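Both complexes below contain chain A, partnered by chain B and then by chain C.
Take a look at the complex of A and B:
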């Protein structure tokens, strides 16, 4: 079961190229669009990407914690993959923190003293929407989750070395704590980072809805990594049954996302209260085709593509479905961020194209570097044998 | 080849053979009803009859016999309706969703939970039906080509969607439950001694002979039904939550309602499964099939769903403040501090704080504590519906319409009567049908029986792995 992953030179070059092109493009767009609207648009894109990729890395850690706590016996063989994705957390958190520190005044209306003075609604929310508390919440929740995810990885590596079920049990505890804090983290940070872009608007569903979006994107990214490794001849012990499980998860949580999105939209549409409908009115009037695109890409496409059993077991189809899901959910976040920052002027050009390239390049580089750091198949895990024999 | 981790505890204790499984489970059906069964059934039937009398009273004298008024049009009736529907969620969740998640422990409890689902949905249906007042016109709900001219049910109303959602759910749950029962009924038929038992179980078993073809079709049908039930479980309580959330009433109109109602329903459903199963396993000596590990797994689901519900309560509370909508803020302040404060704090204590005790392994594995908690949660979830319905309604937009509500003896009796109906039905079921799915237990014996588990562990040690004792299962 010894399997060492070596970062293929070609992939490494691709990741560097992506980062370089992305960085140059991002920097160029900063200077090319230097009027006030352009700066806002630039920061909006930075926030969009930082949050989106941060969510992917969180989904990796969540995947690990949830499967530990649920005594999952099928994913153990490829559990280095969620570990590697979770290893992107420190980088994504740092980038997000930088974006929030330097970009907050371009992004969040409520950080402007004059707006707070003249807007009674925002004024009343100052107890929550103020910068020290905002960054305090960031530090507290992201800090705790970083620590817990670091511990999960540490125990997992120690298990490889020393065996026994001590480390497994430790991870059970760490995993449960992770889930507990994650539930509060995802609620609070989705209000902070995304919902407060439209500071008048509120929806109780919002945190769960962004969770669904992050989660299904994370699963799609992990599926792509597993499939890539398999295509390169690694992880031969991952068989159709395991792929089937990943396919089922993508299918199920695409439906789950749709369920939450539909419920949130339908309830607001049905009650027709102006304070609430404004959010969708703006998105529907000015971004109508994206409004329908996310529904097609995140629901209809994965639903039809992944419907049959055979489809979920074929790598080629999983790649297609995962790519649709990742792009679709990126657009989903675009639709959350842009109308809240640049209003009706959300565009598509260099500022939109370059940053995702940089973030994707960095994600690829960090994830695959993490994969080289430990044996690709965990040793001594009490569910390893079960996972190796897993069939569906 | 299939392998199972040595960490997984055995789900069938006591080195059983296939024959012993059959005998242990069919014993309760074949033996003469015990005295305690007669006593319990008689009491339940009396309570049920009293409830039926009060339903007749309502029909005869009208809804005026209830404590409802112009401000509070929904009181105990809809509270009880939502409470029962919620309880009816566990059965199908266990059979469909836990099946998809490959949770083998479901085999110990799925049969009884599915039966419970069906009885709970029947109890639930009583309340909206009799709340109609002129119950003989209940069929107006059905959209059939009618002679009433343009008068059709209002398809825009979530109450109408409820009619479809619940009747579909009931039908599919019933089919799922009965399909699972067929092989077990055939077993009882083959073992039956008396002519009448042979004949009646023979009739109910649809001529099952256990041929390969029968099993193949049975498995196929179960799979299809599981596929249909999975979205159904989620849809039923989602649509029940729409009854409230589509309105513009503060405290009702909030977008988190659908998923949070579903989580709450599973929470209360599992509590009721535990209430019933803890008694059943004791009375019918089924401790070897419903082990402490089964109980612990269910308690974990309770702590999970309880925490989800708690997260939703706090989100609602926060958003009420954050919205800076004075009506919304008042609705929540009034819940916690208004005249019905006791129901709010009852709900918070029972649903959010107390389930957190299940983080402690010792408590998760304590039968008495679990039983106590299952009752606490059932009360808490009843409070929750009362809080949502009555507390949100009793302060109307116009202060001159403010009102209070308290139930009359008729409403209380109908509620208690519905509990009587539920237990009567369950007791009759437990006496006439195998409460544990025999066929499914036999199916997992090779992987999860105690003897097989021990052998696997010995094998594991033999291969020079470090030695771990079998996890403690008492």
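Take a look at the complex of A and C:
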């Protein structure tokens, strides 16, 4: 089953155009909004996009690792798609690192020595929230996950060449390690990158919450890529059953996300402790529309759209649901980042529009370039035959 | 008296291929009885999709509405008590119960609907066409009416054996199968 993907010129042009427009817009907004508030808003947007797209690439690698460990054969035929999405990880990690290095003083209150001195709550957390440890955690966790996802890709390509079951077994080990470190990574980094934007507030559910968002957005992106490839005439062996699986994952994890968000909200609402409710007070009072919009876009819309069996098997409906989920979760991250950085002044303008275009263009370019690098359908994978006959 | 022609297979892969062969000859398969769910059989038999889940959705919706209206009635007008300084109509506190009651209604409703659709109720015993289809054999069932000629029966039996059936037999049942 030889199937080589050729990057369509039109898509390449689109991705370059997105990158160029995004880059110009981002640069322009940097100079247009050059007062202190504007600089803060600019960095907040950069962090929002860097974290969001980093999460998408992580979800790709997590998808691979989880399916290796679960001996899942249903996704094997389109395994190159999560691999390609995971291949975006080095780029997204680099961009995120740059944002954190150059933007940390605009983003995080606790990086200022005078704030730490005068604020007893932050002062008590200084053992964890300090810059060397902050970047140390970044380097350790992202470094390990990058290495492991690189190994997974390498073994997968070697399997194409040589065959046999050894590469699957190797990937099983690598995948297990990946899941282990991923579990710690997602908690720790969500505290670091997002929760410490509001250093007074804490929630033990935050890691799960971020994970659910990353994961469901990642699946939506992978679904879009699979559907795109199918529409272009590639991946003909991917049939309704495989699409049904992707639809089920999107549906299930939209509900999972809602469950976590609501749990976090309800416990805080019930206990009514001022230091906890502050987080929601600010978001509810000043961003009430978005507060309800994310519930509609991330829960009610996917729930109703993807509920029936037929809907999960139709490419057109999957595209609609995936787009709603991606935009909805972007708004969700907006609601996490903006009140913590720019306070009540989160706006919608050039600094909000331009960076996502750049990141999306880069994502498209990297993912489809990665797809051209290997045979679209994995050869010699032990579960390939099972996957070809997969029905639901 | 209802009469059926039964072709028994001992392998599900053979059965799946046999379904295609029989259907290619334009013969109507009444039912296929298997000891476990065989993947891909529904599509091959050309069965229409069950409407059970649509019913489940609406029963769940009804449960949601019942739970919401009941709690609103109790906590706002029938027996208003202040809990932890929260307003009487404290919607977030209702959501877990609304969710649980939706799931409960949908699952009970779907179970009852499923049993009703299959004509099953406590105390009912359905005699199997062949007891072995509940353990290790797969049976393909054809209806035989008074108009069915001997030649036709033989043709079906022949096709079944050709497709890999280990046994072909006729069966009379007291009730409609």
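We take it that the second predicted complex is superposed on the first by the 392 of 392 C-alpha atoms of A that agree within 3 Å, B and C clash if a C-alpha of one lies under 4 Å from a C-alpha of the other, contacts with A are read in each partner's own complex, and residues count from 1 in each chain.
Please note the rule applied: a residue touches a chain if its C-beta (ideal position, glycine included) is under 8 Å from a C-beta of that chain, and two chains touch if they have at least 3 such contacts.
No experiment lies behind these values; they were computed from the predicted model shown.
Chemist: Chain A residues in contact: does chain B have more, or chain C?
Modeler: More residues of chain A are touched by B.
Chemist: Go through the superposed model and pick first if A:391 touches only chain B, second if only chain C, both, or neither.
Modeler: Touch status of A:391: both partners.
Chemist: Under the stated touch criterion, which partner chain does A:161 make contact with: chain B (first), chain C (second), both, or neither?
Modeler: A:161 sits against neither chain B nor chain C.
Chemist: When the two structures are overlaid on chain A, which partner does A:9 contact: first (chain B), second (chain C), both, or neither?
Modeler: neither
Chemist: Taking the superposition as given, does A:307 touch the first partner, chain B, the second, chain C, both, or neither?
Modeler: So A:307 only meets chain C here.
Chemist: Looking at A:207 after the superposition, I want to know if it touches chain B, chain C, both of them or none. Which is it: first, second, both, neither?
Modeler: first
Chemist: A:270 contacts which: chain B (first), chain C (second), both, neither?
Modeler: both
Chemist: Which parts of chain A are touched by chain B and by chain C alike?
Modeler: Chain A residues touching both partners: 266, 270, 391.
Chemist: Hey, which residues of chain C end up touching chain A in the complex?
Modeler: Of all residues in chain C, those touching chain A are 39-40, 43, 49, 53-54, 57, 84-86, 92-93, 95-96.
Chemist: If you look only at chain A, which of its residues touch chain C in the complex?
Modeler: Counting only chain A, the residues touching chain C are 262, 265-266, 269-270, 272, 307-310, 391.
Chemist: Which bits of chain A are touching chain B when the two form their complex?
Modeler: 70-71, 73, 121, 124-125, 128, 163-165, 168, 176, 180, 183-184, 187, 191, 202-208, 248, 255, 259-260, 263-264, 266-268, 270-271, 273, 275, 382-383, 385-386, 388-389, 391
Chemist: Considering only the defined contacts, which chain B positions touch chain A in the complex?
Modeler: Contact set of chain B toward chain A: 1-8, 100-101, 231, 234, 238, 242, 245-248, 253-259, 307-308, 311-312, 315-316, 319, 322-325, 359, 466, 468.
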